[in-house]
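What follows is a group of structures, each given as structure tokens.
Two complexes are shown next, each including chain A; its partner changes from chain B in the first to chain C in the second.
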Partner chain A sequence: MAKLVTPEMEKINKRRMKRKNGKVARSTPMMDAWRRLIRNRTAVLGMAIIIVLLLMAVFAPLIAPYMYDEMDVMNMLKGPSSVHWFGTDNLGRDMFSRCVYGARITLPIAIFTVAVAVLTGGTLGVLCAYFGGQFDMIVMRILDVWGSIPGLMLSIAIVAALGNNMYVLVIGLSVGAVPNMARTFRGAIFTVVDSDYVEASRSIGAGNFSIMFKHLLPNAVGPVILAIVGLLGVEVLCVSTLSFLGVGVQPPTPEWGSLLSTSKEFLNSASYLCTFPGIFIVLSVLGFNLLGDGLRDALDPRLK
Partner chain B sequence: MALLEVNHLKKYFQVSSGILHAVDDVSFTLEEGRTLGVVGESGCGKSTLGKTIIRLTDPTSGKVVFDGQDVAGYSVKEFHKVRPNMQMIFQDPFASLDPRLTVTELIAEPMKIYKTGTKEEIYKRVKDLMDIVQLAERFANSYPHELDGGRRQRIGIARALALKPKFVVCDEPVSALDVSIQAQVLNLLQDLQEELKLTYMFITHDMSVVKHISDDIIVMYLGQIVEKSSAKELFQKQYHPYTNALLSAIPVPSLHDRREKILIEGELSSPINPPDRCRFAGRCAYCTELCRNSKAPELKEMSPGHFVACHRAKEMMVELNKNE
Partner chain C sequence: MARYIIKRILWILPILIGVITIVFFISALAPGDPAASLLGSTATQEEIDAMHHTLGLDQPLIKRWFDYIVAVFTRFDFGTSYVTRQPVLNDILVYFPVTVKLALAATLMGVVFGIPLGVLSALKQYTWIDSVILVMSVLFISLPNFWLAMMLLKVFAVNLSWVPSFGLDRPAGWILPILCAGLQSMTQNIRITRSSMLEVMRQDYIRTARAKGQKEGKIVTKHMLRNAMIPVATSIGSGLGNQLGGNMALESVFALPGLGNYIVKAITAINTPAMLGGILFVAIVFTLVNLCVDLSYVAIDPRLKTRVTGKKLSKKEMKKMLAEQGAV
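Moving on to the complex of A and B:
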């Protein structure tokens, strides 16, 4: 009798037989999540936007037709054309090049800010959830007070006090994000800290450190990843806001927010100057948010 | 010399409405190579007793003398050296294995923590252990969620055996499994005991399981031992009304030979701030004024090796065993 193998079955079998490091590829919770993620069109769109923007930042010198501070005095405040795709500003600088180079400023600041916030806030949150009791009480009350000050105000105050450079900006922005990160990590760890497997690994002699990082964090990764991706979008917005307000990145460095800020004077005569950096800000926030939504669905199949 | 000697062990928890007496003045000794069955209904402190002995929770007071050393007062660091000798098999094989680790990683974990050898040695031992607990090699790279309860519990057993312990606390190791698989796992545990000279403390609420596996039995009620005896004797003669009722609950696989079940009225009284009286008095069919008004009964030896904590133990000896 002929074997009945549908193309679908063949596909599944092929995937099952795929070998990786000599082991049969298996479905791990993470791999399942990945598969659900790439099936989600909006999430893939978000991911594509982020990847394009990141590539743009990395290869800015290759993509941008001009240097970001190169002035073309013959063409000042000219609208979009084949020579200057996004037009030129009041000093004759090519807007497209400035926007492309802007990705090199805005995105890294946002990413480093999130990294710092995750490291400090995350560590605090994990420690709070793991040790609980008095320590948790005291830290969380401090964070409550900390979190009740608007993040942007705190950032502006820090940048104003410590001077204006990228490192201070990163610290100032992350300070505003720490309380939220700590709460997210604490909440995520709380759901797994009482699991039997934690007690089981303690019974075989696992120390606090190894329990936290080997057992608790990997099992709480879902909500944590979500919060991190969401925070990336928020921080892009925060960097731009600070620069727009004039306390962040200073001109002539082409940060998207500061581009908006200098362009706003020509809003009536040359509205395209505001439009393009605005589009980039919107795109990057949109990208992170779409990716975040997709991740939430992918990591938590129960929500579907 | 006894391998394990527990003396006046107490574990109290501070809760909002008072002090919860989870384990209240429990003493027993356990000889090497024997199995001690610990029975009692849910919430009587049998799991807490096991966890306190292997220091998953710190005892409030009392001594745990293991292999000649009092480990109850040990610091975390000192206990870390003793821990390989005292291991635990957990009740729920679905919850007690980290879902993100493979079978190999799970079994190798204790050996990695104690650095028992090189990577190759550890993975070789993982293979041996899988063989010992009769877990087929093809599951080496599986995740626990891909396996059934019996196989998962075998992983739990392999993890407990990885460090070559002398003493293993089995905390209801079969109660989460199907009946057919229960027998397999119980037989495995018995074989392992013979081969590896293990000493078990076997916690369960299932009387037929405890009859099958134990040498000695302690019966617990609300954190205290109410009866303590060899298994053989206990199943013939019970001196405590609670034990008597527990044993009458074992199902009999016969249509004609029906025994009368003794149903205990009421619910477990609260373990929070219990008064110094017989804790079973409120539910006891043989309770008298004496039981209600005098202090808690102490464990008395009624016949050699058979201890009971009951005010009316002498009368119960006659009353509960008159059918024989």
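Moving on to the complex of A and C:
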């Protein structure tokens, strides 16, 4: 088959060849999107914030000057100082260390929640869009019912019923997020399910599974990635909201929301205790949101 | 059109039965014996058994589930709260108005400030005004509203004493809760209005309007806004639904006697009927709001109307279109 090369494409190809010392750089829509993403300052800022927070979680014992549960009865409710950067709480525990260790609780819960929601909701959505018909109808009706309960409320009910531990928290939160995830995946796949390449791969004998996950999903990846990054920010908020309400992670564990919940009583006398954990929540949500906005511009450059 | 509306309204019934079923069985998993906790640690086994009988807990789960559904649909009976010993519906009707007022006021604030700012931001794209509005909106959307509430309480109630830190007997007590809840819906509206406006501004009919010499002001109000408002209208509706069901933490910070607070308290006190009734009530309101949103969506957008009611499109095309719009 003859290749159609416009002068414009020729120019782009020449530029690429020059850059890669004679080797033609491969270019896919995804790589173009990546290039646009790393040129986008807000997206890079978002990514940087998230990477710093993740590193903080990984290296918490090296960063935190004290153990998160180390009590110092001589220094209770002391304001921020050079010894205790964020001050100490009512038991004399170093707030900075507690916030740093908090990253080890909040972020993994949020990330695992998103993973579970994407695996279950996403698979449902892909199956619905691909098979359509009765199957789609039934699953969507079930999701309608499921989605009629406000997500956060459903999560709270599940966590309250099944007990407080991280696994239950992840399950409870992801159950609240599944309906939306499934709808997003379904909507994204719907736009590509009638494409010719689906027909083509079916005609050469590709199975349902490989069509769905090798052809459909990669071509509908834009809205899917946006939904996942957006959900990460939302879930950080949900984890801390649940713990703040006393349903999620329980007080001795330094989760950011539960730190806020215990600090609430000291709002009048030691407001710094309420300030710092909140800043960490804001930073992580902000990081995901900035990254999400940058990704949207990179994946859909029409609007930029 | 009428057929579509009737279909949507009839569909509410199975949704509610489904919601009851989900929440009922989740609450049945809850640990702890409500009878034992009601009677205290001194209760004998006989007393606990008697209490089980009065609460109906000695019946099989399936029968309780069935009775509950029948009671809800025939007598609007959501059960009796273990704590107040009042019908749950009475409790809910006491707490719900606060939640509704907060949600409506926040949504109003979101519309009044959010849409103009979103339009401004889109019209001034690439200028500092746009950047400021965008930075502001991404910052506000990342704030946990309960934390914002605590910070504002500290500054305006504790330090400056401009507003009372709790209590709704004075109108000033509403200011901070509405501000915190409203910022969220404002941000949502800014972002959706902006992106919808940007999409519309690039359409051919805008160029046509300019080409025929239409005044710029009229282009914005008549050609851009009317088309750009369709997604915004849906977002306002779903935002209202979220406000009704998602302000639990905010209500807890301000100690507002709202439904969210009521449900959280019921959950932590293993007050199953109150929790079940509360969540069910929120789900009913949520479903009704969403129904209104979907119907108004069809009413606002004449293109959608012909697609839902007319036979101009094939079934496949319609399904695809609805899926793209997220309406199914």
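We adopt the following convention: the second predicted complex is superposed on the first by the 280 of 304 C-alpha atoms of A that agree within 3 Å, B and C clash if a C-alpha of one lies under 4 Å from a C-alpha of the other, contacts with A are read in each partner's own complex, and residues count from 1 in each chain.
Keep in mind that, in the parts below, a contact is a pair of C-beta atoms (placed from the backbone, for glycine too) under 8 Å apart; a residue touches a chain by one contact, two chains touch by 3 or more.
Computed from a prediction, not measured in an experiment: that's the story for all the values here.
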Next item on the list: Determine, for the superposed arrangement built on chain A, whether chain B and chain C clash or fit.
Entry: fit
Check: Which partner does A:S210 contact after superposing on A: first (chain B), second (chain C), both, neither?
Finding: first
Notebook entry, point to check: For A:P218, is the partner it touches chain B (first), chain C (second), both, or none of the two (neither)?
Noted result: first
Notebook entry, point to check: For the overlay on chain A, what angle lies at chain A between chain B and chain C, C-alpha centres, nearest 10°?
Noted result: 90
Notebook entry, point to check: Just chain B (first), just chain C (second), both, or neither: which does A:N289 touch?
Noted result: second
Notebook entry, point to check: Is it chain B or chain C that touches the larger share of residues in chain A?
Noted result: C
Next item on the list: Answer with first, second, both or neither: which of chain B and chain C does A:T120 touch in the superposed model?
Entry: neither
Note to self: For A:N164, using the defined touch cut-off, is the partner it touches chain B, chain C, both, or neither? Pick first, second, both or neither.
What the structure shows: neither
Next item on the list: Name the contact category of A:N75: first (chain B only), second (chain C only), both, or neither.
Entry: neither
Next item on the list: State whether A:R202 touches chain B only (first), chain C only (second), both chains, or neither.
Entry: first
Checklist line | After superposition on chain A, the shortest CA separation from chain B to chain C (Å) | finding: 7
Next item on the list: State which residues of chain A lie in both footprints, the one left by chain B and the one left by chain C.
Entry: none
Notebook entry, point to check: Residues of chain A touching chain B in their complex?
Noted result: 23-24, 26, 28-29, 195-197, 199-207, 210, 214-215, 218-219
Note to self: With touch defined as at the start, can you tell me which chain B residues reach chain A in the complex?
What the structure shows: 51, 54, 56, 80, 83-84, 87-88, 90-92, 95-100, 109-110, 113-114, 141-143, 146, 156, 159-160, 162-163
Checklist line | chain A to chain C touching residues, read off their complex | finding: 42, 129, 132, 140-142, 144-146, 148-150, 152-154, 156-158, 160-163, 183, 186-187, 190-191, 194, 233, 237, 240-241, 244-247, 257, 260, 264, 267-268, 271, 274-275, 278, 281-282, 285-286, 289-290, 293, 302-303
Check: Which of the residues in chain C end up touching chain A in this complex?
Finding: 11, 14-16, 18-19, 22-23, 26-27, 29-31, 138-139, 141-144, 146-147, 150-151, 153-154, 158, 195, 198-199, 202, 241-242, 244-246, 248-249, 252-253, 263-264, 267-268, 275, 279, 282-283, 286-287, 290, 319-320, 323-324, 326, 328
